[in-house]
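Below: a set of structures, written as structure tokens.
Shared between the two complexes below is chain A, which pairs with chain B and chain C, respectively.
Now for the complex of A and B:
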């Protein structure tokens, strides 16, 4: 009996994954292509005695997450690109106040209102901070419905572990597509592992707690920034994740994340069947970017090809990682365009 | 002998950063006294605004958080929903609550969140140096209305309390002032009511407090008090609104 295997969309899997990870608070505002997620939370959070709020805007939603997180709860919001832009101020305040929180971005085409087709053009916004100030969110990119589910547990754990915001970066394809999903309780981390003595609970039996990001005293804000940078360094050392395919003998290495890595994987397997030495690196965390994956490439590797549903964003991190040692080619499509298998193969043939 | 007056436990013993004659300090003290009197210090969570009162947590001796400019009521909504046993209140200026945060204000009130809101109406933006607020009076000069506020260009003073009173989920709204000892006593009574309502699970309660900003009204403190009494109250009449 396969009782624990069900068919779900990526958007629903984000929601169920969050609930299994102990999410206690969700606030969101409708936007396509993530509407199944807010609807899932509206139905299933109250059912399990957790708080769901349809906020009046993305601004309100992220600041509600700020509040619930300040009160010590596992809290999340979700949106798609235009809504995520609105959340940037709140994410920056959470970074300054060192509040954990999870933000799901089911990316769509931009800039502006753009369209509702899948895209990966918010990579810069997600990995560089996105709002004001020197900060980073941890960015995780699932590539399947199973990972959409599994990575929510990871996201909440990393958020609590580092008192940091975590962005789970998907796209319209991942959000909408349905795949079989194995549900597990393995996602659930015991809350006791992450004590939150800083949380606002009322000051009974202790000194008052204050959550703030304003520091006017001489050098105080600089000191906060120095300690944030130390935290970010630690995260870079400890949390970079990637998946490698055929990296021991690859002559050309594809680099892709999320949905694009699914399509690229098909390309790699098909070309391997034809005897072509193609490999692949799939960053799982986009920040921290898995630089290590690019340090021990095989001697026969002559080129890398980055494939994105954007005009070229992650390609910059790949170039920084190989630091001039290998030529880095790029194939991308924008505004809802998705590089197809044949386009990728054509590109590979042109650079072989 | 019985002690009848002392420093509130909820108010830290520290010097103030507010300007002489500013209403914020007085209002902070009223809130602290009320929290002591209701015996709720250990379960109170305050949300400080972005505005001159952002440092309210330097004065109040209970749990506090900042919120981004205008978002205090979104933050408060979530805290109260996840910790309904706590007493949660926001303290916001007119720029924070009635300009950049109008959306949060209306929707939080419309949801009838069980919160207490202290709304400081000083008719200007204090923290940023005396610009026009939504509550600035017609004709009032500010750095961004150098010729005085004109209805045809900047609209009329926004009466948030009257607006909110139309919403069915709103429980209690009163406008008070701090320009004389008698009014301060009334203000304290209203603010206490707004906290009591939350204790009794009554829903959204807001007290609008007319409060002096002598610095950006360009007048000494005693003149600022008379200006509230003689000019400001005509536009913003005191009393129970809902």
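Now for the complex of A and C:
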């Protein structure tokens, strides 16, 4: 067991995971707490004959990703909250142009420049589109350094499969923390599965491809939106992922994602050891939100408790999913506050 | 077993590295482990700290509010983190640069100077800490030091290993 584990930070794991997933192009601009990710790419992308660019701004970086993706490359960028806000225009253009691309957001406290502490307050921005127009990015939330690595493969696969942007949503803790990581030949679909006949690869001998998001013709943009919605419906049917813990007999079910889910998991296990019937649902994809997880809850379930590093964002999706059948309680902290195990236990005891 | 350690000192004292050696060794001994640094606008001479959790069980939060052990390398860190130690916790203090009325500590920096390299005070501290805690084997630490030393400076392996052993001897001598 000894040899194949290495100690790595989440930021580095995002980078190595992306490279293993066949990322050919990275453009980014530094911001704490994700600097180790861009630094990792600066060192390791050129070493493996891939393109690394430190762009002049976040805007430039996302538009370089747009270009590389249009040319058929596996392309990504990364940033932290304020930088991700700057990228929204480009992400919306990619959605309108149906371009695949991976965006890592290592969330920090907001609004505004906020601070550099961990946070989960970009949930709305990530899951609701974020830029203008009727669109969705697929959103995946890793909870460990291992998953930061593993989920990059999934992110690139889903991006190519659906010609869609994929946001990998982490936070300052996940980015900065080091944990043992098993580098595995990821269980990944070979990239050759994803042919890109739409890409701008030079049109000698074929009809030119056009990539754009500007459609002025009568009804053309509406037709595009209708087909986008069809795609989003398909993604909702096929790609929702979650992890359930003790859902057979839970009286109270915690709901948490990312860093908060690993803290909640320890709480659940500790309370189980004391005979308390606590369960947990951990959404892995935040969009599509795993609504199904909430449809067959056990008869004895009396309440759900959502725990977030925000003032209450995912809690809205949980309320929509249970649709009034169960009371949904909330525990959250903002601006860099992280609910501790003791705080969660206290909250559970207060609602039991 | 879960051990929560806060390591603190000045930027440049090898605080992050101390934590990494500890974390790497814990990994090699198949423990669950997390390492969390203070991050942001950190500077040489400024405040530096990291948090390491070593456990037989899966770790939730890598953040430590109450530590089982503190490894403190200078005076300002002592004041800053003293009340973060849980009752009956271990304070491993660098008495060369910090004084505490209740805990005598060990002169990590002086020992490092005698060895001929001020910078290995961190490994002296690690040696003392592990002699007190007896949580990871000396062989594993030695292996980690070998692995982490820069390839172009193999001479650093020996001095760091010596420092680590000297730290253990401090505890044996003074109890």
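Quick note on the criterion: the second predicted complex is superposed on the first by the 347 of 352 C-alpha atoms of A that agree within 3 Å, B and C clash if a C-alpha of one lies under 4 Å from a C-alpha of the other, contacts with A are read in each partner's own complex, and residues count from 1 in each chain.
Throughout what follows, contacts are C-beta pairs under 8 Å (C-beta built on N, C-alpha and C of every residue); 3 or more make two chains touch, one makes a residue touch a chain.
What you see is a predicted model; the values in this text were computed from it and never measured.
Undergrad: Quick check for you: in the superposed arrangement, does A:225 touch first (chain B), second (chain C), both or neither?
TA: After superposing on A, A:225 lies clear of both chain B and chain C.
Undergrad: Give one of first, second, both or neither to describe whether A:57 is in contact with chain B, with chain C, with both, or with none.
TA: First partner only, chain B.
Undergrad: So in the superposed three-chain picture, is A:88 touching just chain B, just chain C, both, or none of them (first/second/both/neither)?
TA: In the superposed model, A:88 contacts neither chain B nor chain C.
Undergrad: Report for A:180: first if it touches chain B alone, second if chain C alone, otherwise both or neither.
TA: In the superposition, A:180 contacts chain C only.
Undergrad: Where does A:302 make contact in the superposed view: on chain B (first), on chain C (second), on both, or on neither?
TA: A:302 contacts neither chain B nor chain C.
Undergrad: Applying the document's definition of touch, where does A:5 land relative to chain B and chain C: first, second, both, or neither?
TA: A:5 contacts chain C only, not chain B.
Undergrad: Thinking of the overlay built on chain A, is A:236 touched by chain B (first), by chain C (second), by both, or by neither?
TA: After superposition on chain A, A:236 lies in contact with neither partner.
Undergrad: Taking the two structures together, which residues of chain A meet both chain B and chain C?
TA: none
Undergrad: Give the list of chain B residues in touch with chain A in this complex.
TA: Touching chain A: residues 41-45, 47, 54-55, 57, 60-68, 71, 74-79, 81-83, 86, 103-104, 106-107 of chain B.
Undergrad: Inside the complex, what are the residues of chain C that reach chain A?
TA: Going by the criterion above, the answer is residues 20, 23-24, 27-28, 30, 32-37, 39-40, 57-63, 65.
Undergrad: If we count contacts the way the header does, which residues on chain A are in touch with chain C in the complex?
TA: So the residues of chain A in touch with chain C come to 1-2, 5, 7, 32-33, 116, 172-173, 176-180, 259, 262-267, 269, 338, 340-341.
Undergrad: Could you please specify the touching residues of chain A with respect to chain B in the complex?
TA: Contact set of chain A toward chain B: 24-25, 27, 51, 53, 55-57, 59-61, 63-68, 70-71, 73, 75, 89-90, 93, 97, 200-205, 208-214.
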